[in-house]
Amino acid sequence: MADAVLDIQGLSKSFGALVVTDNVSLDVRANEIHALIGPNGAGKSTLIGQIAGTIRPDHGEIRLGGENMLGLSAAARAKRGLGRTFQVSSLIPEYSALRNVMLAAQGRQGQSFRFFRSVLADRSLTESAQAMLEQVGLGDRGNVRAAELSHGERRRLEIAAALALRPKIFLLDEPMAGMGPDGAKSLTSFLDGLRAEAPILLVEHDMDAVFALADRISVLVYGRIIATGTVEEIRKHPEVRRAYLGDEA
Amino acid sequence: MSREGVFNLVFAALFLGAVLLAEAMGESFYVTLATRVAILALAATGLNIALGLGGLVSFGHAAFFGLGGYVAGILAVHAFEGAPLLFGLPGTKSMPVIWVAATIASVLLAAIIGAISLRTSGVYFIMITLAFAQMAFFFAVSWPAYGGEDGLSFYVRNAFPGLDTLKPLPFFAVCAALLGLALLFFDRLARSRFGAALQAARQNEVRLAAVGVNPFPVRLLAFVISAAVTGLAGALFADLNRFVSPSMLSWHLSGELIVLIILGGVGRLFGPLVGATLYVGFEYALGGLTDRWQLFLGLVLLGVVLFARGGLVGLIAGRARHG
Amino acid sequence: MPAALILEQLLNGLQLGVMLFLMAAGLTLIFGVMGLINLAHGALYMVGAFACATVAAWTGSFWLGLVASLAAAAIAGALVEVLVIRRLYDRDHLDQVLATFALILIFSESVRWLFGSFPLYLNIPALLQGAVPLPGGSQYPVYRLAIIGAGLLVAAGLFLLIGKTRLGMRIRAGESDREMIAALGVDIRLLYTIVFALGAALAGLAGALVGALQSVQVGMGEPVLILAFVVIVIGGIGSIRGALVGALIVGVVDTMGRALLPSLLSAFFGPSAAASVGAALASILIYLVMALVLAVRPRGLFPATA
């Protein structure tokens, strides 16, 4: 795909005889929210791991903005523009919300080997981090320890940290997980606006959010993409219906 | 100022005040004792960088402490006897030169040990750091040229320009100054970007990688810096006793350094100094009363680990605030 | 080196290996099932030795002493588990290292208080005194052969216990998934106490058996403890089979190294240099082996958990 920001071709991974990722190809274009759905056990986590750099695929290609990602560590990929959030919120618990985002800003600036200047006095970190917090609606929660934030606040904090990376693509792993209906609704409208920053590969179970947000949907079943298309196409796709609903007329 | 800041200032003032008082009263034994505290605190401050900030449980930091000590001892002995070292280099009795040599040696050793050990984690890391220190220990025991098991005595204290280092107070001043510098450095480091990355690596290395920072070089550098400080302390310790022996390399010493930090408060700026004061105080106060003082030390340590997890600084100043 | 001496050293290596296995088996079980690093294991070794020496001196029977060592170490282990160790399972490794380090101090000083600093002596029982001829002409102490035999018997017993009994099944399940077996109704607290006491008893037995060869004194457990940790790292944490293989490797390498290296090196250096370099290298040898194993197999030879 010429204008694909994230381009995955022929990705495969097996653990012994078990094929977990079966020749997966998909792409994410600019300004797009591309949702990845599939029943439990489909291999979504393994696929995310391979894209993010924590699992090494057996075959295939991953390109971000045209650049080959294979062989790069997770940290290297983050530096090259992969902004990821985790299925189970993974933050620095003792640090405040502000410091968590500051860490991401520090990562983006790439100057972690500085020993003498205090980070809290560093405006380039504090101000940009505060701006990110405002963007996700946590502007007044900056001084709260991450461990003390509510579940929904932590999900948003992860997104703020991903934002601070100024990524080329967002890789969001079930951001709606554990959110009540109000939280899910506000997060959905937030993500809708987020696509202006960078395209999103959205792994989700929450079908309301998926149908509201997705420009395209890919369906992963037993490690294989069985369909890619618009919301309408996927809703009517016979194989997808079979995968989710079982054999029906 | 925070409660911890106030506590630190008061503690430092009391500590220095007590030393000056002892000197004024002619009780130079206590000045020497305080010097011992300062040196152990310096060694533990080094470990605190790796352990307290970085979460790297090194059970082999005695390797650096002992290396620093042996560098000091060997250079001094060669200078005293007038015999050249390797490659015709002379020995030296100048403290600053010895300090530089001890620090460089520790950095080199730590780079090797760290590069290998930091590929592991958890109990494997603890074991492999212990193993390296044991190797150093047995090496020193079996190497007859520098005393082997009996250790190496050198009969004059090394020289610092402008001071009579043989007197307790000037030598204390030297050690205290170095400790002060190390504490300043620790404080700056903890607050810096490097410190942020290091402490993040301790708490959640997956998160650190996700923001684009590779944890391995951060940890390796922290380990090397930590070893350098501990190595420097070892050189001072050898000078204090005018004696160096393999016991400076033993796993007991590695354990003691960890104990010092825990007693005072892991990761806290004054944790090592408070811990060293408590430990040495224990040894001398209780040791005068009973030979079984280590039993009480064990009980206190157990109590601290089980019930007062933040050490003495934690008890008084509350949980550390990271802002 | 003559073949007879080599055979003798090989047997010594086996004997050391078997003793290390007794220590390592307990350590590896405790780490595998409870996730706990136990530095106090050497103290339990010492308790076993002291109990044996005391009871043997009092009753005149080594065998009663052995029973006493098992009982004393198991009881001490159970007590320590209930009072202290229990609180450490959820803590990080640093806390476990420190707390068990504190226990070493407490045990050592307590024993020193009770028994003083002088070593106790434990005599080899009459039944096992004397020596047997080995092929090659030298004599080998019966007692050491008995230790090798006893150790192998215990190993067999442990394999049966872990592999074939319900307790063993629970232990194996506990190694894989602690929370699950608790949810399934197994009394975790009791299981842990039993595992700890079992490990302690093995350590105590080792201490008693070795006590008759060397003397019984405070601190005797520490060198053995370090070696035992090297064993479980080489063998794979959590694996009894790994503990056995690792222990035999360490025992044989260490013993043969000390015996052979000085003579090997005297071909290159003069005799006194060879002796000291040889001794240094021999001490370092097993650590080098451990580093090598970890380089190739980062989880040890037979890792029990994935």
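The letters A, B and C name the chains in turn, as written, and every chain counts its residues from 1.
One rule holds for everything that comes next: a contact is a pair of C-beta atoms (placed from the backbone, for glycine too) under 8 Å apart; a residue touches a chain by one contact, two chains touch by 3 or more.
Treat the numbers as computed from the prediction; the structure is a model and nothing was measured.
Asks: Looking at CA centres, what chain is most distant from subunit A?
Replies: The most distant chain relative to subunit A turns out to be C.
Asks: Relative to the centroid of every protein C-alpha atom displayed, which chain's own C-alpha centroid is closest?
Replies: B
Asks: Once you find the CA centre of subunit B and the CA centre of subunit C, what distance in Å lies between them?
Replies: Centres of subunit B and subunit C (C-alpha means) sit 32 Å apart.
Asks: Between subunit A and subunit C, what distance separates the C-alpha centroids? Give it in angstrom.
Replies: 50
Asks: Approximately how many whole Å separate the CA-defined centres of subunit A and subunit B?
Replies: It comes to 44 Å between the two C-alpha centres.
Asks: Which of the residues in subunit B end up touching subunit C in this complex?
Replies: Listed in rising order, the residues are 51, 57, 59, 116, 119-120, 122-124, 126-128, 130-132, 134-135, 138-139, 141-144, 148, 251, 255, 258-259, 262, 266, 292, 294-295, 297-299, 301-302, 305-306, 309.
Asks: So in the complex, which bits of subunit A are touching subunit B?
Replies: Per the touch definition, subunit A meets subunit B at residues 52, 54, 73-76, 78-79, 84, 86, 90-96, 99, 102-104, 106-108, 110-120, 122, 143, 145, 161, 164-165.
Asks: Sort out for me which residues of subunit B touch subunit A in the complex.
Replies: Interface residues on subunit B, with respect to subunit A: 188-189, 191-197, 199-200, 203-204, 206-215, 218, 221, 320, 322-323.
Asks: Show which residues of subunit C lie in contact with subunit B when the two form their complex.
Replies: Contacts found on subunit C: 31, 37, 84, 87, 93-95, 97-99, 101-106, 108-110, 112-113, 226, 229-230, 233, 237, 276-277, 279-280, 283-284, 287-288, 290-291, 294-295, 298.
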